[in-house]
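So that you can tell them apart, the chains are marked A, B, C, D, E and F in the order they are listed, and the count of residues begins at 1 in each.
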Amino acid sequence: MPAEEHRNASPAAPHPPTDTAEEAIWLWTQIKAEARRDAEAEPALASYLYSTILSHSSLERSLSFHLGNKLCSSTLLSTLLYDLFLNNFSTDPDLRAAASADLLAARYRDPACVSFSHCLLNYKGFLACQAHRVAHKLWTQSRRPLALALQSRISDVFAVDIHPAAKIGKGILFDHATGVVVGETAVIGNNVSILHHVTLGGTGKFGGDRHPKIGDGVLIGAGATILGNINIGEGAKIGAGSVVLIDVPPRTTAVGNPARLVGGKEQPTKHEECPGESMDHTSFISGWSDYII
Amino acid sequence: MPAEEHRNASPAAPHPPTDTAEEAIWLWTQIKAEARRDAEAEPALASYLYSTILSHSSLERSLSFHLGNKLCSSTLLSTLLYDLFLNNFSTDPDLRAAASADLLAARYRDPACVSFSHCLLNYKGFLACQAHRVAHKLWTQSRRPLALALQSRISDVFAVDIHPAAKIGKGILFDHATGVVVGETAVIGNNVSILHHVTLGGTGKFGGDRHPKIGDGVLIGAGATILGNINIGEGAKIGAGSVVLIDVPPRTTAVGNPARLVGGKEQPTKHEECPGESMDHTSFISGWSDYII
Amino acid sequence: MPAEEHRNASPAAPHPPTDTAEEAIWLWTQIKAEARRDAEAEPALASYLYSTILSHSSLERSLSFHLGNKLCSSTLLSTLLYDLFLNNFSTDPDLRAAASADLLAARYRDPACVSFSHCLLNYKGFLACQAHRVAHKLWTQSRRPLALALQSRISDVFAVDIHPAAKIGKGILFDHATGVVVGETAVIGNNVSILHHVTLGGTGKFGGDRHPKIGDGVLIGAGATILGNINIGEGAKIGAGSVVLIDVPPRTTAVGNPARLVGGKEQPTKHEECPGESMDHTSFISGWSDYII
Amino acid sequence: MPAEEHRNASPAAPHPPTDTAEEAIWLWTQIKAEARRDAEAEPALASYLYSTILSHSSLERSLSFHLGNKLCSSTLLSTLLYDLFLNNFSTDPDLRAAASADLLAARYRDPACVSFSHCLLNYKGFLACQAHRVAHKLWTQSRRPLALALQSRISDVFAVDIHPAAKIGKGILFDHATGVVVGETAVIGNNVSILHHVTLGGTGKFGGDRHPKIGDGVLIGAGATILGNINIGEGAKIGAGSVVLIDVPPRTTAVGNPARLVGGKEQPTKHEECPGESMDHTSFISGWSDYII
Amino acid sequence: MPAEEHRNASPAAPHPPTDTAEEAIWLWTQIKAEARRDAEAEPALASYLYSTILSHSSLERSLSFHLGNKLCSSTLLSTLLYDLFLNNFSTDPDLRAAASADLLAARYRDPACVSFSHCLLNYKGFLACQAHRVAHKLWTQSRRPLALALQSRISDVFAVDIHPAAKIGKGILFDHATGVVVGETAVIGNNVSILHHVTLGGTGKFGGDRHPKIGDGVLIGAGATILGNINIGEGAKIGAGSVVLIDVPPRTTAVGNPARLVGGKEQPTKHEECPGESMDHTSFISGWSDYII
Amino acid sequence: MPAEEHRNASPAAPHPPTDTAEEAIWLWTQIKAEARRDAEAEPALASYLYSTILSHSSLERSLSFHLGNKLCSSTLLSTLLYDLFLNNFSTDPDLRAAASADLLAARYRDPACVSFSHCLLNYKGFLACQAHRVAHKLWTQSRRPLALALQSRISDVFAVDIHPAAKIGKGILFDHATGVVVGETAVIGNNVSILHHVTLGGTGKFGGDRHPKIGDGVLIGAGATILGNINIGEGAKIGAGSVVLIDVPPRTTAVGNPARLVGGKEQPTKHEECPGESMDHTSFISGWSDYII
């Protein structure tokens, strides 16, 4: 996500250094400053902010603590999960970079996101995604029962059901997130924004590659259902409530149930911007010819 | 809700005094009587009924206790939340009146609601809404981090995600409630009924007024997605699964994806009754011209 | 479910004896062997596997323990729930047979289900369904407040909201399950597969028989909304995201919002296979005439 | 304990039938009546009384529930312990008879014990003793690691440390109980009363029979330390704070540190009554020749 | 406790205003300042300090929160106990004054007590005593089953067993406190210091007035056992490990098992200072004639 | 502790390599083997053994996990404590060596200790001591509020109250441990054995060096009270229930209240063996001239 765009999109939000190495430090500094400010303003929340953020020495420790406490159960203890998360986050820079990119995505794309700590603490989509990344890593290490147990906890606690084998890029915003389902062979590119109740589902009872592939910069509206091993081209936009069973070309918009391309199948209207970042959900209305109330 | 209508709608249910001041007392008396009857009939549930209802001296205490125990986590203790809820409910008669109106709404509109205590204890939509009202009050007092933390807990526990800035009237029924999403600048009038998976969503990544305004007496069917700063006129009905991006006139019915007005855009059929209270989900079928199986 | 079909569908999965009496023993033996293998391979999960499966002497004890710990709250203790579940599962062979049939359904229909223990431990749809069966039994014994309290816990914990009066057959797969809503007078036959966000909803605020009747072998795609006292004929298929308000004939496919029959209302295409078991979600595309991207 | 003696000792307390078979029923009936009366008088406690007593169908279920919830930890779940206790109490009439005898002992010997339910719910000595009886049974079945884990939980929760191999009779009152330590080869007879901080300890680091043997009807005062494989004769009395390293003859009184026999070593004063039941702690004063302030 | 004496005893400790009305405010201000300093110096403890002290608006709220969380169990919820404590502390100035006096007693008498917040948070003797004061109030209001349930929780959690009927003055220091037992008819005066394992016990199994009466300013050493309805005169000192069965005159010292008066029974040595405040445990050695090693 | 002595004392127990570096590895291997054997023999305990021992890669991880879960509370979370313990144990070889020495001490001195894992999991004295060592380290690092909070948790959970400033050597056995109190300036040497209810207490309300110094190899019997800045010489033995206020010479035995030296003050009997290791509690009887029953 170019810093330039950040500035345009949300001028009030502070911006990270362009140097990647410094970004993580900057981000953690921001988060601690936000938490300190909020703890001072709201004593009733200070204990929560200290335990989740201010008592920790790094974002990965804070995140591991928060996920361990959120996802634990009487049979999967918080200490076990904390240990698992911390081991993974502290040894894998890719996991940390993805978490940072996701925090930035929420902060700059979602106007309701008032701070990085707001996302870190409160966004079930963000938390589910970070926990999924660890589950995915376990899956690739053939630690499948543990990965599946994590998936189950994420689904119970956040109502977000992502198969641990699914591949998810960076800079992802799962907004609201309740009810998201992502299947085993699904692939999600970078800088994708996915609203709640979105399904990336399979077809039939046979295994193999059977789930959607979502290109970079795609925006998928609330309640959209995308089924089968199909491609949603980079920069495409899927309208809320759409049911998509066939490929969608890059930078086009598919809407409706059954979904159609805005502008028509032969000459679909192409947009320039990256909807996964602009989050423009509804500008296709004028092109949706039979949308009439 | 006029008592007269109550009687018609659900003759078996007991009815409150028409005098507002007496209604709260009557309601709490009813709830305790129900709980006492159930505790006697079902010893396995008696402990639960005593701790949640029968040991308390008022509805606000019972509700604060129940919400505190439902929404607490290992980092947000039940005692802290109980204190927060009790402080608000005991000092703000509007919060109490809204809770009473919502209890009556569930009891008289939902035929599956067998008693007031059934709603008080078991309806996640009711509980999420009361907790939201407190979060909203905190928001208006500029206690935003605490309000957002509450929103997050409500979303984790009930899968109901209502931004604390959203304004919600009285006599609201969130039926089933799982998956409801209500955005920051949404407004919901009085006597509205909203089924599960309903989204009152925003558009784009810029702030400002960007969510729907729902008039009094509206009924929104399951899975309906309403996006943008549009008006759903008082007494309108939105069919299940509809995707609505444009204003809907009062007392008309919009159905489908994309949504259309029953009777046509030019001369939409107008209904007399208040669908938010009658809960008539499907009577538009005959007017939905291309609905054919 | 004939063993023959199992073999075709998922050749890698082991199959139970055809004799019903031996099936339960075989299944529990399989589950313990899976858990033992996983515990050895993954020490971090061994404690979980021992507490949930390997320390128990039977499937009903394991299931009762797991449900008790999943569904408990600070006001409904795990010991109380464990006792309730164990009393029911150990005295009612129908409940046990249904649990076995549901485990087989998940294992043979869902290619993402890698083992019986995977389903037993991790599938919220499976767990919600077994807990519902106990709630339903309580309902038929006029222990309604307890049944409704269970419904509420299932809805909070699994985001699956099934009225305890609803009648559900055997061999049911609730896949992903988040957001499923099943109303009071709904009936679901045997060998039905229902994806997440499916609503079997009612109409209006009056009581009586007002929810759908789902025939044997039906497949209902993700996000489908079926409203009113209508019949979905045996072996019918409901496309994802469909809104269905009128009867669907046996072995036909209804898709879209509003839903239409594939092949047309007069001569709908009939399929031979049983979609509830084949889980073929998308083969109707070629017959969905106006589905065009 | 003869009913006659009960009547003399504590005329206000109700008395059980002399027939043993009816005693258990009578006792459980008394306990439920007490709990019901207290629940009505004190709504704040009603939930507690219902969950621990009134929701259960028998004393063994109530006791198993209470012990399971008291002794559980994050790594030894209440459901597991409940199951363990219930299996033992429901299949072993000796365990049940001992629990009944201990309840009667507390009720009739301790003037501070106002009801059977008071002892059942609140006496850590009673609860520790019943849990020990189960640990002892496990020990005799060679389930030693589980027995030792129980011992540890009892010591953590109640500060009562009884080795699971220790043999303890019926009608035992551990009054106050904090700090009681009973070693591996200790034996305690019937109708014994032991105050807090009492040690029945061993000698040296070699195994074998190395702990005291306490006869029937003995009373051991607070803080007494009895060490080694010595006999405390039936009906003997050990003064508070005494340190006893040598046999004490029946029906005599040993006091002091080092302990001496009241009346002198050669002709110790013999008492008639049974101090384990009369609980007379201090009548020896006149005979303690050098006790002078 | 005169401020003058405070200054002598512990010059480093800050001192309250002599005006009683201002003392409570001063004390709470001190406690908050201590907690704020510690939270800043130790981030790992900050969450704990905010939740227990810094998020509260008064000492009684902090204390009620802390006691509620310490004494709760799975069957006696923290919210219920918090409510109970808060109701009592906020309506009864005597309870608040006693808590303040006890905090000052610990701070000025115990050299290991480094701050008021140290005592408030960590001294089980202080916490047990405050909870007892509430239990005692309930007892005097004839809410006996609740008072006894509290006694049981205090005994389980703190290993301090004080009968709710026992009367306890102000300015009490229970130092270390483990194992303290105080019987039903015991009375403890003001400015008394009692070490751990001290028993104020009864005699026999008959009711009535049967426990010790402890005068103002008494010091009772560790492990002392005082039995029967006897008087320990004001300013008396009881040596560690003593067993006392007969009255002890004012300002004398009793030591040993059996206890003797230092200086002899006829002309016991009288001391001037108030040992309950000076905490001088061992100055009697020179007067203990037969104490020889 | 010389391996030779181990062999004599407890021939059945396995012995570590004499090389210190290999001892830790050997010990952890033993512990895992014991736990594996017990898990196989007792399925009901397997979950507990896997979570506490078998899922961990080292003794310090197992111990940190176990202490974190034992000592946590609703306001001091297990994840925080686990992190604190793990950071200390994994970076400080002295802490690890002391834990190993303490495990060996329990295994070889206490005939009731059947395995290393028995001590690791179940001995509150062992666990309290290891937690104290961490608290002591925090104290020396001027992290005093955290050290004091740990002390408080140890006192609540284990009824063992050791001031974090107290210095404790290696090879310590706190047997039974309930009620042990160790003051701020106390020092305990190596290979000391201390029974339950032992007090190493201070004198008066003034600070400074005021607690006992316990030499190497000392044995202190149950309930002994040692007060003031006095020396208990190396290899001395303090009888159960003794009250000691004056120095005790090396390799002598002090018994009684008031304590006297066995053999007389002028020519006390000297013993050869090391009572802290031999655990001989009662062989002084023959030398205790006035011990007569």
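We adopt the following convention: a contact is a pair of C-beta atoms (placed from the backbone, for glycine too) under 8 Å apart; a residue touches a chain by one contact, two chains touch by 3 or more.
Note that the coordinates shown come from a computational prediction; the quantities given were computed from them, not determined experimentally.
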Statement: In contact with chain A and chain F alike are the chains B, C, D, E
Message: Find the pair in D-E, C-E or A-F that has over half of its contact pairs, by residue number, in common with D-F.
response: D-E
Task: Could you put a whole-Å number on the gap between the CA centroids of chain A and chain D?
output: 59
Message: Taking the mean of the C-alpha atoms as each chain's centre, how many Å separate chain C from chain F?
response: 55
- prompt: Centre to centre, by mean C-alpha position, how many angstrom separate chain E and chain F?
  reply: 28
Query: In chain D, what residues contact two or more other chains?
result: 44, 47-49, 51, 55, 69, 74-75, 77-78, 80, 159, 178-179, 197, 223, 241-242, 257
Message: Give the list of chain E residues in touch with chain B in this complex.
response: 47, 51, 55, 65, 68-69, 75, 77-80, 82-83
Complex contacts: residues of chain E adjacent to chain F: 9-10, 38, 41-42, 44-45, 47-49, 51-52, 66, 69-70, 72, 78, 108-112, 114, 118, 121-124, 157-159, 176, 178-179, 195-197, 221-223, 239-242, 255-257, 277-282, 285, 288, 290-293
- request: Show which residues of chain F lie in contact with chain C when the two form their complex.
  value: 39, 43-44, 46-48, 50-51, 54-55
Message: Which residues of chain E touch chain C once you look at their complex with the stated criterion?
response: 74-75, 77
Residue numbers on chain B that touch chain A, as the complex places them: 73-76, 80, 84, 143-146, 148-149, 151-152, 155-156, 159, 161, 163, 178-179, 181, 183-184, 197, 199, 201-208, 210, 223, 225, 227-228, 241-248, 254, 257-261, 265
